[in-house]
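Alright, structures below, take your time with them.
Two complexes, one shared chain (chain A), two partners (chain B, chain C).
Let's look at the complex of A and B:
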């Protein structure tokens, strides 16, 4: 008995440490976001004004929607590099569809995104090609399609109600913020409270084990890429409504920024670990950095890439360290 | 991916393909040459002015930097890794050349290439020491190096002087062949020698065939990985110099954008499988030439180059599909 009692406290200590490391991993970004907001607020008096905060969040909506899908795909153990081009194509499709009413203008980009996700997902799940190569090919193809359809840009004719969707306010809050919050709440619900979400975590954690548990791995993979594509399409539709134009280069770089946001938010690129709130914190942190750089008049926009790249690099290094601490 | 580890292990470099698979292997190994020959013949018949030496010269000027980064890429892929940072590292090298011009062009060339090497070594250390997945570390560097390149020049393009060694590199030719293309060819020969005939090259391929076996055999896997990514960064630094010289300006927003895609595509189309353990140097070079001729054919026939992008995407998927079917 005494021999059995010996190792027990050591084990508990290890579990405690693992739990703390896990908390830093999943909640660290929120802490950094709050700290950064306090620091920025104390240096720049205008920073915490309601109008400025609303600016940050509304501007973050388009990337935020894409980041939800990206987070799903990364937790699944994959990548979706096609989302940026899909946003651009989405704006163009919305611009083409608007003359037929706001319903097709909103829905057709989403449907196109789901179709792209279906093709990506089938290629990845069935032929077992590397996700990042398949979605890279989709990135090229979708960008080509957007330019072929619209050239550089085209105007959304008589936006009317379609424009209202992205520009009006609801109970004093910008519609875009309402949409963003609703989408993240829904995303968290799907990820944490449904069999689909559980299957995504299981596949990302260990695909073979998930298969042995009877999870329909292929179906879940295809569905996840459809979610990512559909959200990118929605983001494109809203962007077209916001800007009243379809721009083939819109969403350029969103594929990397959404991955960066997810990683900064504690979503592990090795799959199987991640939270929706973390990803949202990542998106807002990137938006905050851009906003602060704009507030410092002397710093040009050229520093935005450096700042988000440095954050991404630090996040990746810290997470590698944390993961090892957890394992040892 | 797991089934590949088991599959790749027995087919060490130099071993002959197993019986019954030789057909698939033959198609896989020679598809890039067939596609290249077919495209060139088609161009000779269809495309007006394709025989013009100026076209060949411009093609080779464009190919030289891509060949360099594709070589580094093929070795990274040979170790079962990837280097997504090469395009951004080219931009960083270009920016560093721009800001250090006042020290003289020789010094700025050294600093530019040195910046590429430093980036590659950082990438290698992240992968070898911190054991971060190459996809992830090089993705972070893709974002960070481009950001640094833009910040160094304040996001603006900087024109180079008209005289000196850098502009010379951008224009010098021996008959129709650009000097940069000859340097790239020399680098490729040296690279092939390192990969096929020296210990670090062998270690890299073995590490790709089976990391565990290489480790158990006492090979310096980590040092090898650091070497591979350092080399890729060095080659990207030189590629940045070539692109800058050709453009006549240091431009952090333009140089190397999406070049990592071309480098990966060329390596994969050229017969270097993403599952690692094998590398085709000549195939990679022809992969680059194929992509460049493809671009040129679309432009010369006045077809929007966006369709060339779509076709490129189809080529990548097709090449990967062939690898799956054959291997």
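Let's look at the complex of A and C:
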């Protein structure tokens, strides 16, 4: 008893510090986002204009949906490079399906994405192939499939209600924003309040330990890649609705941008750590950088890449520092 | 990962004949066109179909808010020159404010950009579409608010006069055809050709490929040995050219669909011990400074220009629209052809970008 009484305050201090570090890790991106928005708003009068904020969020919806799945996969300890091509293929499938109604146009891309996730997941979980290689192969194959099906692009004739899904407003707010917020809320719920979410964290933290705890590692992995693929398919379907088009090159680069968004948002590439709100903040920060460069107007768009890259590097450096503090 | 970017999607100019309609003449006589020695665009074909403002406001562009939606990153010299031209023309025109956005290769962003500029009070729009389709919902919003849209360099899906008042740009098929003719001329109608194409799944690539193929059909001794994509990228083109030279050592002519790829392919030739322009005849498309310099130095043979200076013609079209004058639905550029006879003088005149 007396032996434990001595180190207790020290231990509590360490726990407090770990908690603060954890908070910075998970909420830091939100803080940076708010600060950046305030700074941008005070420099550029148009920045906080409702239309401009809506521009950032609606344009970020498609990357945002992809980033949810990517965050799941990264927390699990993997990567999904196939998502960008899946968005493009999703727009093409939706364009083909729309003449049969908005339901197939919305659902078929999601199903295709789940199928891709299933194949990726099985290869990764069962054969222990590296996620990087498996999903890179999928990136190439899906891009080829999209071009084979549509060439450059195809128009969705008479989009009707399908087009409304992504272009109309609900209570004055763009449907896309409603969808994005709902998707992130659902994502957070699954990640933090379900056994599936707990299993993802456990596997990403320590796969062998998770296995010993009786978690069905293979099944969770396959399911996680299915979630990622399905969300990329959904993103593609909504993008087709938004653009009234299937475009084979749509979503180009989303695979890396979604990883960047997650990392900026405090998701650790080594797995086991991350939050949905962080990932969303990462997506919005990338959009904000884009937008601010446009506000400046005289800067070449090349600076968007430079600024995004700098943010990413800063995020990684801070993460590394925080992780070290936590361990000590 | 900008697979689809390039010094490529484009429009062009030349010194030759104009579509000598009354409309073409008014357009070409406009003050904006007078400054042509800087390399201004020259219209080659004016469509007979026109769009006319049903209720012209006769408002002047001075004091108006105009929006410009750029599609791709300005690392690409074509895009940089295009943006600069629109900005300079806006200044010359004295517009109250030019809103500028860059979609950075993202279709979703271009739609949001256009919507945002409409919400910020844009009274006229100039749009460089990223793709041949995908902007319909955004254009419909502009139409609903009677905001005229000028589309430049890539045509995009929509109804003329409703979704946009005009398209200003080049005919990419004709560019391919003229490249074929230029290569025949450079090689005496006898060549073993390799072709480096733009990124697949892109209408610019398809049209430049088809035009070239149709042109060389006439020459039985012009043989196309191989065609591969260089993805509008110098490094990809270099790698592809290395492989093609190994597979076809008898190659003595290159058709490349973009200058940036041509420069990569030329590096591969040098590594392979072949002298560009001497051992391998070279025809390219774009008209950038780097390649015109290569022609002047004898390291390449011809380059079809795609002129990115869209500003003056775009504002001219908007002025005509607001004044109630008919605006041609299509203004197709007369592309300049750089070759050994004019490369040096063109460089002096500042035409290549």
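Heads up, the rule we're going with is that the second predicted complex is superposed on the first by the 322 of 328 C-alpha atoms of A that agree within 3 Å, B and C clash if a C-alpha of one lies under 4 Å from a C-alpha of the other, contacts with A are read in each partner's own complex, and residues count from 1 in each chain.
Operating definition for what follows: a residue touches a chain if its C-beta (ideal position, glycine included) is under 8 Å from a C-beta of that chain, and two chains touch if they have at least 3 such contacts.
Remember, it's a predicted structure, so these values are computed and weren't measured experimentally.
Trainee: Clash or fit: how do chain B and chain C relate after the overlay on chain A?
Mentor: clash
Trainee: In the overlaid three-chain picture, which partner chain does A:128 touch, first (chain B) or second (chain C), both, or neither?
Mentor: The first partner, chain B, only.
Trainee: Have a look at where A:256 lands relative to chain B and chain C in the superposition and call it first, second, both or neither.
Mentor: Touch status of A:256: both partners.
Trainee: After lining up the shared chain so the two structures overlap, which partner does A:75 touch, if you call chain B first and chain C second: first, second, both or neither?
Mentor: neither
Trainee: In the superposed arrangement, does A:153 touch chain B (first), chain C (second), both or neither?
Mentor: Once the two structures are laid over each other on A, A:153 reaches chain C alone.
Trainee: In the superposed arrangement, does A:290 touch chain B (first), chain C (second), both or neither?
Mentor: Only chain C; A:290 stays clear of chain B.
Trainee: Report for A:226: first if it touches chain B alone, second if chain C alone, otherwise both or neither.
Mentor: Once the two structures are laid over each other on A, A:226 reaches no partner at all.
Trainee: Check whether A:55 is in contact with chain B, with chain C, with both or with neither, and answer first, second, both or neither.
Mentor: A:55 contacts chain C only, not chain B.
Trainee: Report for A:312: first if it touches chain B alone, second if chain C alone, otherwise both or neither.
Mentor: First partner only, chain B.
Trainee: Which residues of chain A are in contact with chain B in one complex and with chain C in the other?
Mentor: The overlap between the chain B and chain C interfaces on chain A comprises residues 147, 256, 300-302, 304-305.
Trainee: Please give the residue numbers of chain A that touch chain B in the complex, ascending.
Mentor: Checking each residue of chain A against chain B gives 79, 123, 127-130, 132-134, 136-141, 143-145, 147-148, 208, 256, 259-260, 263, 269-270, 300-310, 312-313, 316-317, 320-321, 324.
Trainee: Which of the residues in chain A come into contact with chain C in the complex?
Mentor: Chain A reaches chain C through residues 46, 49-52, 54-56, 58-59, 61-63, 84, 146-147, 150-155, 163, 167, 239, 242-245, 247-250, 252-253, 255-256, 290, 293-294, 297, 300-302, 304-305.
Trainee: Once bound in the complex, which stretches of chain C touch chain A?
Mentor: Chain C residues touching chain A: 1-4, 70, 72-75, 79-80, 98, 100-102, 104-109, 111-113, 115-116, 119-120, 131-137, 157, 199-203, 206.
Trainee: Considering only the defined contacts, which chain B positions touch chain A in the complex?
Mentor: Against chain A, chain B makes touches at 2, 126, 130-133, 135-137, 139-148, 150-151, 153-156, 252, 261, 264, 268, 274, 304, 306-307, 309-310, 312-314, 316-317, 320-321, 324.
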